[in-house]
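In the part that follows, the structures are each spelled out as structure tokens.
In what comes next, chain A is part of two complexes: it sits with chain B in the first one and with chain C in the second one.
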Partner chain A sequence: MDVMANIVYPVAGLIGLYAFVSLASLVWEGIDRKLVARMQRRVGPPLLQPLYDFFKLASKETIIPNTANFMFRAAPILALATAIALLAYTPMGFAPLLASKGDVIVFIYLLTLIGFFKILGGISSGSPYAKIGAAREAAIMVSREPAMMLALFAILWRLGKLRVNKPFSMEVFYQYNIWEIGTPLSLVGAVILLYVFVIWLASEIEVGYFNIPDAEEEIAEGLLAEYSGRYLALLKLTKALKTYIAASLVVAIFFPWGIADYFNLTGLPANVVNLLFHTLKVFILLFAVQSVFRATTGRLKITQAVGFLWKNVFLASLIGALLIAMEVIM
Partner chain B sequence: MNGEAILPYLIIIPLFGAFAMPIVNLAGKKARDAWAVLISALTFIISSVIFYHIWNTGEIIVYTLGAETPFGQGVDFPIRIVWEVDLFGAIMVFIVAFVSLMAVIYSIGYMKHDTGLDKYYTLILILELGMLGIAITGDLFNFYVFLEIMSIASYALVAFRNDTWEGIEAGIKYMFVGSIASAFVLLSVALLYGQYGTLTMGYLAVKIVQNPTVTAKVALALFIAGLLFKSGASPVHMWLADAHPAAPSSISAMLSGLVIKIGGIYAIARILFSIYTPMAHSIVLKAYLQPHINMSAIGWVIIIFACLTLIIGNAMAVIQTDMKRLLAYSSVGQIGYILLGLGISIAAYGTQTGEIALAGAIYHTVNHALMKALLFLVAGVVIHQLGTRNLNELSGLAKTMPKTTFAFLIGAAAIVGMPPLNGFASKWLIYESSAIFNPILGAIAIIGTAFCTAAYVRVLYTFFGRPSEKVMAAKDPETSMMLPMLLLVLAIIVMGLLPWQISDKVMIPAARMLEQFRFEYINALMSLVGGA
Partner chain C sequence: MRLSPLIPTVLRNMFKKPATNLFPATEPVPVPDNFRGQLKYNVDKCVGCRMCVTVCPAGVFVFLPEIRKVALWTARCVYCSQCVDVCPTAALQMSDEFLLASYNNYDDKFIPLKPEKVEEIKKKLEEQKKAKAAPAAKKAAEKKEAGKEAKK
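Entry: the complex of A and B
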């Protein structure tokens, strides 16, 4: 049935994924806080603390500043809507729901759009703190995305040479992966690109060095300075979703292996098992990139962070991409 | 329906409307406004019928003024003026009539405080008439006449507010530069007539194929030079950056959305494809080693101007503090994209890349007409309500004028090329074809977009910021100004939801008809031989 296959199943899948990922990403935040607390010899909050926070925030009175305009209220909703739409394009142990030729551009676009809406919401509050946070967010955003795009396009282009039916789709990662090319050049290139993606992930979820736009000690939580109540709850949820999605991308590129085949599963059970295994991989990756990085490093200055992203990460991305492309070009 | 039968009304109605305006004006202000709206609405209906007819049947309408056939008795060459409309012409007719209607409705509220409005509405209808004439004509001198009608009306409209210094200054600048450009066009018309003895575009194409002389090349050079002036390509875009801000905003919307496209882009495309037939010169004559005009070189000339325009226009937009000036420079930048698509379609003629580029150029022409009209109307509202165009004073506009700001948000997102809106598909076609044709051109196009994004994000940053003192007293405008903006926003969103359908069903056929692989444009004329 056409309607079933094209509309009903994707919508049902999206709702299911949204419910699962919201829960998983909030639980991860609880785990993260617990782990960091343990690293600092504290007891830390309970694992479900982010859920309690969410409901608490959602039930509190929402204060709208006098200077705010309509975007202040629209931005959290738009950001969350974008994040939910993005779930349909995110590889999560299986091909994305709406996998199609060239969907990588939609993925990058939507991922960036979340940040853009956050910026719009921040400046719409009229608070100067939020404005500073927005300027920082924009600077980081412009600096971090080119490195990721270059690396991602290089990998997808290289995998596209292996005769896939949907080039430049996120689905490709489950047909071939970057380690399979197997030549020394590509292996070195892939390791360099892994470095690029790890740093990108850290800057995307703004931890460690890159916890700059929200820096609560300097600019009173920056972009979020004026947000309260349920809008803040929505933004926190969006951030959790975004963390999971960005980590999913890195996992799909570098560690796409599923385990369903070992249990001879097909269809829905296979997808569920792969999703759970994927989530485990996401948690492990986030442990390294988020928890450890957050516990062991402090914040850079905005100029240092921008310099680091261009001079170090983008350069690495360039070298890695060239190494990956080398054998095809030559 | 018979396409030839209703084509003349496209000219008759606005002409009648314009000439009757001074008389209707005697009946009072309301009658005058209603008359202008009525005439442009009728024109819009006629134009949609013509567009639908040509799109549906895929035929080229040929209409002869004054007789059944353009061929005289006993002679085998056309001696009468013909109008010849293919799908590209019909698209332009449609978009011209639509945006003009929006501008006229908008003028009711926007121009309320000005005087001499009977002349204003006459001029605006004459401007529309000139543009429609350019789109439908198949005669070279007729083309020149309509070009002048359009140009003179726009000089007058730019300087319409003659109590402001900048209106007069920009008007004089525009007039001097535009007259020189028109003189170039007239000179090349004269050269072609002297060499080949005919002015009918389709027949002239045949004559040039038979004997491609140096005169034809000189005439082409003059055409391109003159029409690049009119389209506001760099390095001759300086008039545009003055004229568009100085004109009343309803006029800026027409100038930026329509005049530079129909008088520049459309005319260049028409002359290159219909008079200089790249099919004959790039493929047939070349294959038989006959003397021919090197069309690929001409394509590259246009590409070079396009790249310059793209970078300069968009980069200059980033540093503007005047809102309308920013939009004017952005228009220059977008013209660069359209020229890039056009140039590639000539340089890569006969390949699929060339076809995609041409479809992208046509598509972007339409899209840019809609979004730039919207953006200028928004700018007009801001000026009307606040009396300033200085972006530094407009902080926090979203607080007090939410609908206007929303319209600007949509327009800006569309012009940058954000996916759910119409700008994405057309820009994508141009990026794709330029990247396939030559990756460096693709990179230049992307750099242009980066500048464009920076320019518009900066404006949004201002609009959504903390409300300034000046802004606090403002509010959204009256209905007659909101309605055109709303309709344009709707058009942008709806077109954005069906990008590839529009591309496949309208733009690709238009590009194919324009490329005339089987000499359709010439054949449509020649099929009338002996028809009398």
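Entry: the complex of A and C
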């Protein structure tokens, strides 16, 4: 029985989530492309275009450069594996499959590790374009994470004060949320942190201002310059999964409400309904952060982006975190 | 961070119809009146004055002296329409056709005057020459006869 509860159910759940999320995130990419096309008064590709692209890439010849070393081939697989493992720690309308005390560290670690594997693959290709992309990705990665970490830890610490049984777990968001603290200061702090998380999400999925490491027009797709065929398909899928996961985090922190309770559902049906509702919320959030942002802004220079993330976003994160913490401290 | 001034435009655009022409599903965008499409050659009107050969910047035309016509390969054409302007008999005309993609550079549609047709014209010309020559020979023969008879 213990084996069932501890191993079999989580594994089945992870496989199910993986199947669902990879489909949902690729479909979202199709919706995104369609929406941006409509914003520019074009018709756009069919909704399932990213799926066709995936299968086409997977069926194409994979070219390995002479200058590439072993990590060039391992990195896409490791990146996708990390993304799949991350699904077990992602709140998706219900508590994560492997929720435990302090799993927020694992979440942040795995989320950053995906970017790290991308960098590793890029610098292993031997192409100077990919190396420029890798340097940019590294610069933007170290600039964007502190703001998110500060905000996330402040929120989790504040919610931990409300007597939760698993502090610093992603599960906490489904017991209490940031709007329930209720003091005026914390509400202002929450709005500021929402801004921080929205910018973080945009820089995590590299759209609009932050489309810097993969800049097609400048450095020939940057990190992905040398990738082709199956490995490119894996990296594209990883990117789609990461988009969904990062947006899931923001949705879980700021909009964690489920609808299963209104229908008096429990158990598996409740989870499925909440997952679908969560997906809808993720799509709405991504519409604002990805589609509109992508359609209306160009990219910054890497120096501007780093400056923006430190001087603006990190500062906002600091202020928001202090406001959230204020009544506990004083 | 200032919000982008494009946002209202973009959101309004989302509810407008796409301003595109879905070509293979619909008709292509109509061409204007003086559109320069594929070059059309009317062999019968051609008098073989060689003006088009002189004026063509892309070397589309080759003069065929035996039949006094031009052979042309429009895959090379740059659509400058100079041959049309210069042709005294209007044997060359620009058409409306522009969907000219082809798998083969030497497709029939790029060669209006084909070698078989050239042979045909050549034969016809020879026949005509013969027909012209035949009465003349008869006359000559008759003259000879007449001369012979006169001698007698």
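Just so we're on the same page, the second predicted complex is superposed on the first by the 330 of 330 C-alpha atoms of A that agree within 3 Å, B and C clash if a C-alpha of one lies under 4 Å from a C-alpha of the other, contacts with A are read in each partner's own complex, and residues count from 1 in each chain.
Basically, contacts are C-beta pairs under 8 Å (C-beta built on N, C-alpha and C of every residue); 3 or more make two chains touch, one makes a residue touch a chain.
Keep in mind that this is a model prediction, so the values were computed, not measured.
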Combined model on chain A where chain B meets chain C, clash or fit: fit
Which superposed partner A:124 touches (first chain B, second chain C, both, neither): first
First, second, both or neither for A:106, with chain B first and chain C second: first
Contacts of A:38 with chain B and chain C, given as first, second, both or neither: second
Contacts of A:70 with chain B and chain C, given as first, second, both or neither: first
Superposition-derived minimum Cα distance between chain C and chain B (Å): 30
Shared chain A contacts, counted only where both chain B and chain C touch the same residue: none
Residue ranges of chain C in contact with chain A within the complex: 1, 4, 6-7, 10-11, 13-14, 16-20, 22
Chain B partner contacts - residues on chain A that touch it in the complex: 67-71, 106, 109, 120, 123-124, 126-128, 131, 134, 138
Complex contacts: residues of chain A adjacent to chain C: 35, 37-44, 199, 292, 295-297, 308, 312
Sites on chain B touched by chain A in the complex: 396, 398-399, 402, 405-406, 418-419, 457, 460-461, 464-467
